[in-house]
Amino acid sequence: MTEKRSHLQTETARQSLKASMDNIHKHKRRKLLKGTVAVPVVMTLYSGAALARTSNITGEADSIENAVFKDTINGPQLLCVFPDPMQTQIPGGPYDLGQFPQATLIQEPKIDLTASAETVLTSKMQQLEECHARGGIMISAVAYTSIMSKTGININPTW
Amino acid sequence: MVVNQIPFEEFHMLLHRQGLRVAIGPFNVCIHTSYKPLIEQLYLLYSHYRITQDEIAEFHVRIVTERSLRNPFKRNIRFLLDGQSPFESFPQEQALAVLEWGINLAIAVRVNHLLLLHSAVVEKNGHVILFPAWPGSGKTTLCTVLSYQGFRLFSDEFGLMDTQQQLFLPIPRLMPLKNESIAVIRNYLPDIVMGRPIPNTQKGTVAHVRPPEKSILLSKHTCKARWIIFPKWIADTPVKIEAISDSEAFMMLASNAFNYEALGATGFCAVADLIRSCDCFKLVYSDFDSVMEVLHQLTNET
Amino acid sequence: MKLDLPPHCQILLNGLTNPACLTRYCDSDWELLIRMARRVKLLGRLGLLVKEYGTWDQVPPRVSTQLTSGLVQVEKLQQLNRWELNRVLWALNDFDTSIIALKGIAYSLAAIPHASGRLSVDLDLLVHQSDLADIESLLVVKGWKHRPLSAYDEHYYRVWSHEIPPLVHAERETEVDIHHTLIPLTNRVKIDPKLLFDAAIPVKNSTIRLLSPVDMVIHCAVNLFQNNELANDLRDLLDLHDLMVFFSERTPDFWTWLIDRSNQLKLSKTVFYGLYFSQLIFNTPVPGKALVRLHARPGRLKLWIMHRLVPLALFPQHPDKPMLSASLARLLMYLRSHLIRMPLYILLPHLIYKSLRKIRFKSRKSRS
Amino acid sequence: MHWRTNHFETLLIENWDEEYTVFQPDSGKTHFLNHMSMKMLIYLDQKPATLEEISAYLAVQFQQEPDHDFQRNIEKVLYHFDTLGLVKKSFVGS
């Protein structure tokens, strides 16, 4: 990394942090669920060895940054979850994923982490489009831990 | 007495005969092995640990060599916990990785007198920051950098919390870097001591970083938590830190724990207390300099 | 005949039967005691004993943290067991049947002393064979699933076993083992479950039932000396001791009833072993004339052999220095348990299948 | 048919600005509830209620149309609560 770029990043960092800090004090209490007061939601937490299952109601992640990507040998792949086709959906979520939600990893286009941030973001958005085209949604990590073993794709414990 | 205060021959004898007992955070681990390449690696990487031959050890582990079932000319190694083998055998080059992995497993499945969060933990200005595990967080890499740049290492893996006193206990262990992060850290921190890279493990190539001596020396100094940060490494993105809601932080923290459910109401109340006493953030980053900047500002602000 | 135990076993036995002696334990005794108690699922029990005896504060800190961990684990597993039973009864609420709770959960419901320190992993239930299919399908509809089984295992359970393949609810982790009798069908010895249901006792404020005290004791002995392989089963012998001490103190004619029932069910030899080893190892106050009244007892040579082998199998091996004699005892007990469980024409293919599968599993693992 | 809570008094409830984390000692589970599902439990704890009663109450509280879809969502959550052991069916008064 060149010194100039490093300096620039630090500047950005400062501004970003300042913005974040202001944000924190203004919006300290945001919510886990956004725009879903119109339905009752219950999610059950599974942790430890049993790691996650249950909860069938979830919303699409609010941004691509919060979506779950699995690291594979072919680079990160978006976890694309399919809501239960038998359920009627409320536009904008939350979605009922039904009793046995299905999920898949989106493989194309490949995400090259050594490419520029913009390229990576573009590839991620393309994976998301592909997921939407197949009728799926991206979900946040919280929702993920809560449906995990029903999808048959598990996070490897990191040890 | 610390490992590097005894000669290699004595260290070798301890591991080979009665078992070497070392204090790793609040636990004593008794290690037996006669496998020379592992002994050499441990002499280097465990050099700052205190030897506790006369104390009770909570964990008794062994690395033994055996003939491979499929190839009788090849030797494998096996990890034993109290004489029991929790996993299959591995190629002998992986001995260190298997030993470290085995000790983590033993801690994760046996310890219930503390809340065990799955989190990297470092201390600054008398308070700890938790970096809970999170897919793609790169917590070990980040933790390695922080612990050699002015933060005190508690752990890259375990947030050990005494739920009654709401205190975190340091447990500085070797930090296993994976794949690309090995070269990244070599470049960023050229002076640190790292074990030989071990290729073809279940997690790809792994190399173990020796924890800073000072962190081990101070491993009896417990602290309260002040910040909980869910990190995520995304290539080439500018650093961004963002507050998250308490309910979200609660759910993410509790689901990133080894024994949250085993502790029942105690775990629930401990996590609630923790969320109430901490500021909770999401952090997106790509380079260490700017993360460091952000964290210094955060920890000095209040 | 006297009990002759190696020193490490004596450390465990003294710790479990005489908490007073723990105050004299040195660090290395404690360390060994903890490791062995954990091995035979008695760490929580040990923790409970130390608490009850009031010497918790005198225990070395590195020991009390481990005892606490053991107690937390036991408490969690018992809570999971209670909840699983609650949910099973909820799922079967509209179905008119009678269900008997067995083993760990039954000991808690019967308020047997020290039951709260018992490590119980699975939920064991006994149902009428005629209701089995309905119960199984009702549970499957409400979210319980069978673990994936090979065709052989499925066949083994369905045709020869005394229980159906285990069920686990999709959102929980406790295994539910549903039995329709107490002894595998391949066994020469049979039990008529109707006799057990007729004598069963209701539990206050619940639809669940318990075996009568003597049947509970007999089941415990049957499980240990007919169904299990005895290796590291010291906890189960301690269960038997606890049950007999508790019931004999509360029921004056307990021993007479126990012997009569054992004779009636044609299980007197199995019960003999239960009484004999519980008395030998834990000093259970079994009246001398009780043993004599059992219709079937092992011959002198057989008893001498069992006397040598059973304790070696029940107690854990020294974690650092396993003894060859104990390994041999375990192997013999393993073969014995299979020989009494099934005739040779089933047993031989069964053991061959199991060892082949083990080898295949190992080589598959080492390849991946 | 009426619904009522099951051991509501044993629950440990943390309120995070109208989102809730709830510990249920019977099951050992931790649940996340939003404002509306918590209101459901509180309402059912005061007295057993039918699906129609609870739907009508929630529709008013949250300014929703008490139409068929709304009621169906409430019903789904009631059945989900039932499997979790948070509520149970009650035949009082019916």
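For clarity, chains are labelled A, B, C and D in written order, and residue numbers in each chain start from 1.
Everything below uses one rule, namely that a contact is a pair of C-beta atoms (placed from the backbone, for glycine too) under 8 Å apart; a residue touches a chain by one contact, two chains touch by 3 or more.
Composition by chain, UniProt nomenclature: B = Hpr(Ser) kinase/phosphatase; D = PqqD family protein, HPr-rel-A system.
Please read all numbers here as calculations on a predicted model, not as lab measurements.
S.K.: What chain pair has the highest count of contacting C-beta pairs?
M.R.: Ranked by C-beta contact count, first place goes to A-B.
S.K.: Central chain, going by Cα centroids?
M.R.: B
S.K.: Distance from the CA centroid of chain B (Hpr(Ser) kinase/phosphatase) to that of chain C, rounded to the nearest Å?
M.R.: Centres of chain B (Hpr(Ser) kinase/phosphatase) and chain C (C-alpha means) sit 38 Å apart.
S.K.: Taking each chain's centre as the mean position of its Cα atoms, how many Å separate chain B (Hpr(Ser) kinase/phosphatase) from chain D?
M.R.: Averaging C-alpha atoms per chain gives centres 42 Å apart.
S.K.: How many angstrom lie between the CA centroids of chain C and chain D, rounded to a whole number?
M.R.: 41
S.K.: Nearest whole angstrom, what separates the Cα centre of chain A from the Cα centre of chain D?
M.R.: Result: the chain centres lie 28 Å from each other.
S.K.: For chain C, write out the residues touching at least two other chains, lowest number first.
M.R.: Where chain C meets two or more other chains at a single residue, that happens at 76, 79.
S.K.: Please list all residues of chain A that touch 2 or more other chains.
M.R.: Answer for chain A, listing residues that touch two or more other chains: 29, 31-32, 43-46, 50.
S.K.: Spell out, as numbers or ranges, the residues of chain D touching 2 or more other chains.
M.R.: Those would be 16-17, 19, 25, 28-30, 32.
S.K.: Looking at the complex, which residues from chain D come into contact with chain A?
M.R.: 16-19, 29-37, 39-40, 58, 62, 64, 69, 73-74, 76-77, 80-81, 84
S.K.: Okay, in this complex, where on chain C does chain B (Hpr(Ser) kinase/phosphatase) touch?
M.R.: Counting only chain C, the residues touching chain B (Hpr(Ser) kinase/phosphatase) are 27, 30-31, 35, 38-39, 60, 62-63, 65-66, 68-70, 72-73, 75-76, 79, 317, 319-320, 322, 362-363, 365-367.
S.K.: What part of chain B (Hpr(Ser) kinase/phosphatase) is in contact with chain C in the complex they form?
M.R.: Residues 28, 54-58, 60, 68-70, 82-84, 88-89, 110-113, 261-264.
S.K.: Applying the document's contact rule, which stretches of chain B (Hpr(Ser) kinase/phosphatase) touch chain A when the two form their complex?
M.R.: 101, 104-105, 108, 118, 133-136, 157, 232, 234-248, 251-252, 254-262, 279, 281-282, 284, 286-287, 289-290, 293-294, 297-298, 301
S.K.: In the complex formed with chain B (Hpr(Ser) kinase/phosphatase), which residues of chain D make contact?
M.R.: Of all residues in chain D, those touching chain B (Hpr(Ser) kinase/phosphatase) are 12, 14, 16-17, 19-21, 23, 25, 28-30, 32.
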